[in-house]
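Everything on this sheet refers to the single structure shown next.
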């Protein structure tokens, strides 16, 4: 084996499985290694350190091994600058482009390590030299590098394939890149650590919800932003009022949903029905099925949701509270939409860009009973963002947690009881909900 | 068509679909009919009436048609006595035995209509003449006819195949039987009516839970008995305390579960773990996996659950409250049990008989997160018993509702939030649960 | 009750439940009725007839009742022309607009019954007088009325809300409309009848697949068109080759999918992987995760899928066979797409219009493992179109069948075995698949 | 830290995660360690070695740490004999009993390492000295040590709690025990390695089935035994014929099921129905619901399944082939059984013992669409047994794979297509199945 480089691993490299992975990668790919230094942190907070020489039969083999080692956080002791190649055409990547992970990443450019801005999975890294040669193409085309950079400071940021423009300087190959995957702490049975034993409904629901509530409070105390991603099932399940309460009380900073969510939420406010079912009596009033179309038509007539709130047409619900409390929302269009509402972004690339901005701003994300929107948001998240996935279908939760966040809770539960229990845990019981059946029946008696 | 008999249908025969079914049966089976009288009830409470002559090519064809018409509640205008045949051997039915529905049923014997006692599905009907000739074989063999009958009064009751004894007078063929299927009221969108649109998690959970709470209160007010059927998932999901509270407060009259439920409930009391997971911190303490076996071993050492409660070994939990509040329980054994506990009935036929007794006494049944035990109980229920099925798996709820109760609610929800919400709705929030996160965090702060 | 009109019901009004519904509607809505004539068809093919007077307290109550009766197929004996009102603005319906069912519908205009073209659910009906006054706004804006109509012939067709233009003559209220819901034949246990007992995986899979195969052959023999709606799961599950075979052999006439389906299909052709997993060895080759982005980048470089086929880049797979066999496809964009491919329609309204055209042309639709695209297509289908829904999640199948097609099979099965079994049933075993393990192992032996 | 012992780890201790676990255990439990020797195997087959001194604050703390290290395969360098304590009463374990894993285990007794016979999870280990002092209490009470042992040879074997008899010498504490957990080979993407990415239906079904077929053939070639565990869903799904074919052709050596499976299988043979549905036409013949009870009654009359086969009553199906081909079966009773059949073991402890024997003999286990029976069998399996779990519900597959077999495939698929595809892969297409729809339609034509 003629080719060789030396890499080092630092941190909780044993607990997190990083060392095990590193050794595995080298051997799987036909290489060899020699552990030159190995220090084990022998108490809970202590970090470990491993330096090893990696050998391969050829330079190209070595590059491939080093690439994989990069992905898991093993970095070269003698780094070089990243290779750059100009994109040959709009939306076409150079051969051998570096495809990002969702972990914090640095790129070495002119001898300096640049943090890659807006890191997300499966993107290219574009370098802007800062000397005016290669400029970002602006936020409107899906570029992540949407902040103004003063002339002179080089920057590195992610671009999705769609945003690549001819001539963009794209990082290729494996050299000059440092990845810092979040370590899984050993004390991992808590909800934001590694979920042991797979996704299951057979976990203590109220204890888990208390942990979610704690995380939300902690996020707000730290000045962080909470993004809620949700679908119409939340409204059908009767959780609209309590989600609206969380918005009103300042626990939700952004909302990401689709046309259907907004329509059902507004329909419930206007007619008390959702999909035509009365949310209190559970009856299906005749003509209920028309409410959906009427709702859209009325909002179109008003000119949009905010206008309909201002006009007094919409007087309650999640969208109402978003408008009243300046909580920005993105309503992404889909091919199953009725209408859609004027607020709905019908172009999927444009909608994705709006979602991407939300995702980059979020410090914590609640994914509530929607696979489509949750995947869209999840694709844009860094692995350091706190994520809570709630769905009644275990396969959905499994798929969402698979995205590789290191800060994820998955819950297989009913959104219709989850949201009220969560709101009750954070805010105390709502006044109007505190009556028991006994009270309720007295009230009923009066009606008879 | 030479053979003919006249049948009549009464009640909400249009709304309930009975008339439609009756016409369909005759035509499907190659018969013909002539509607001799037809009166439609033209307001909500009014009943309808239809009398029709049924024709078939032969007597045996006619018998088959009449049998099917019986099943749905169409009865002969000129009834004859039921045919009886002695069972040829233990656990063997005569050819052509009448297999019961789960609807209220009457049998004509010596010119008199006898109510069939303990009606349940797929049984034989046995007649006891009351003149001492054919006696029931006693409750211990699974006979449903376990009450003493004074000499002289003829009785009719169901027997499962296993309880049939040589010489039992078994009803055969179709004649002399009247079935009274519960009518589905037209005002059917409420929870105890027909569930429209299939089983779904996308229904307003809290509204549905309020309806369950109302039904439980109504059942208690009417002096009825509530049977809970449940599995270990309830404990894993953290709902043990709140179910225990419902037992303590008198809302549960009987419990039907398995060995696993009792062991997990007791383990949680003894060690704070369920399946080795700490129910508060969600951590897996080392050695947690031994708790399960230790728990069983200690209860065996005490001699049983009641003895372990008396000894002070068991101090809380669902089983504790059952013992303390004289709530009878059946723990049925299964092939996946550890132990089992001394209270567990390991013979499945014996266990089924114990379950059968519970089912016959129950006026309302809550089936909570167990398919096995729910099917066992459901098999023994009359179609007039109120049933609530709760499971996170829609396929389980669908399967349970399929049993044909006319008084069933199905909910696809999380048992871990369902039970606390239900208990809170009936009883008000528990004192120890009323603290919000803010309170909890103050407490936490003291601990640090 | 002062207001009264007479309606009639014809057909299998008892078996189909239509009569029961009609009586129920009148009573539920506070009306009354008098059955003036009632003839029961007393053999399987015979139709029944019922004429009844309907009474209500006011004209408006009567209108509401008549509206509901229309929906189920009860029509006035003395019809009037439909009411028309001009749409007040683009994408706004007049108050009281008539919202369509998905059943064949006629509208009475100037004394004549017009068939409503391109019937689908939840649309408005627009009348084009034919005298040049009110013209359709063209297909590009989502109008269903996209065929040229010679001056002079009035037409009625559906328009989705989004396609409504100011001044369109929209049908309002209940009068002058006839709906002809498909009758559920009594002999309903077959697969294209009413599915008894709910959706379940516990049905004989191969028998069901044979029925699907029969229906496809029948559809082709009748000159009909088969539309396949599918998602990426089909490729992951390894069914790509066999679906490609069905396309090649002429059993698929149209394809409706998303960007993800096409990318995974092409990736499998280019790299043998799907989501980075090798489809034969089930291993995850390193760098597999890049294949997805590379695939899109290469197709963009070629200019599109057809161009990539022509260039020889794409040499196999479903998309390849579509291009080679002139099977038109719609790839609808979504917010979770990577890329997307140049063929993907990113605007959801535009994509919906393309899907709508496919749906209207289809005589049979296979919905394969995609909820999103299936709902989108299903929304545009008439209730007379044959539909087969296949998914491994029973909740998905239940939701899709709920759309009200009278010609639907639902199967809870694995798409990865369903498609090969279906293709084998229609076409016989593929040559390359006919080897058994014994043959395969001989081949393996040679490799060692 | 005053207490100290030295342990060693050998094998693929890095790839398998063993080393990472070992370090973690010591730190989690408040101990400390010093790596005295560490050699990394630097190619795929090479094993690694680690010797470390473990420190703790007290002897009891140290014992706890060593216990946990044992569980994962870290063994003392200077072993002592295992501690033994006599069981205080029947079915009661001594305090501090050693609870087994399902991994191969050795116990040190009188200076010698004894293999623990019939290893399975959550048992006690009982030592039989061989000098006649403590004898096993015989197989009938659930003892696993059911083979005769010549006087003089000490033995160690597992006993479930229920089989413990007063005076049994039970291993306690942590000393003198060696566990050898199967290593997860690094080349782990194949089906019998570690399943990456969780259980999912989105895997290539036919490739996975080929791997199952290969494993079955390999097992038979090695002289191993294949146990099928299955439930009634297999019959309802129409896979009975093809499972019967696998039995007939010698690919199934044992069957483990319940009363329901056997009844449905026999009902299908007698009446062509399953749960009353005709398996070919999918119709529900009237009276179908009686077939189930008739079937049981007829088998009881015959005296049992084998007798009914001999009498010519049962002429086809899985049970028929089992009888004809001397494939032993266990039918375990359950509380939802009708009947049951005379062959059904109604006592759950007795049934568990019968299942235990099957499990211990099996080299490969197919768990097909039954959670109850699969868990019962899985509880008795060593971690070295090959296991295939097939179910349409991903939660079931996840739960079964969680049992810790290192040789497990999980498939989320339809049993109704899985079994025919598996049988076709192993045996070639059945003659009667080879016709395509075209052939079938010719046949149909003849019937008309």
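We just call them A, B, C and D in the order they show up, numbering each chain from 1.
Just so it is clear, contacts are C-beta pairs under 8 Å (C-beta built on N, C-alpha and C of every residue); 3 or more make two chains touch, one makes a residue touch a chain.
Just so it is clear, the model here is predicted, and its values are computed rather than measured.
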**Prompt:** Counting C-beta pairs in contact, which comes out ahead: A-B or B-D?
**Reply:** A-B
**Prompt:** Between chain B and chain C, what's the gap in Å when you average each chain's C-alpha atoms?
**Reply:** 40
**Asked** Approximately how many whole Å separate the CA-defined centres of chain A and chain B?
**Response** 45
**Prompt:** If you average the Cα atoms of chain B and of chain D to get two centres, how far apart are those centres in Å?
**Reply:** 33
**Message:** Using the touch definition from the top, which residues of chain B touch two or more other chains?
**Reply:** 28, 201, 395
**Message:** Is the chain-to-chain touch network here best called a line, a ring, a star, complete, or other?
**Reply:** complete
**Item:** chain C residues touching chain A - in the complex, by the definition given at the top
**Value:** 25, 28-29, 64, 67-68, 88-89, 91-93, 97, 99, 122, 160-162, 286-287, 289-290, 292-294, 296-297, 300-301, 332-340, 346-349, 351-352, 355, 372-373, 375-376, 379, 393, 395
**Asked** Contact residues on chain C for chain B in the complex?
**Response** 14-15, 17, 19-20, 23-24, 26-28, 32-35, 38, 40, 42-44, 186-187, 197-201, 394-395, 398-399, 402
**Fill in**
Within their complex, chain B touches chain A through residues 189-191, 196, 201-211, 213-214, 217, 232-233, 236-239, 274-275, 277, 279-284, 392, 412-418, 420-421, 424-429, 434, 436-437, 440-441
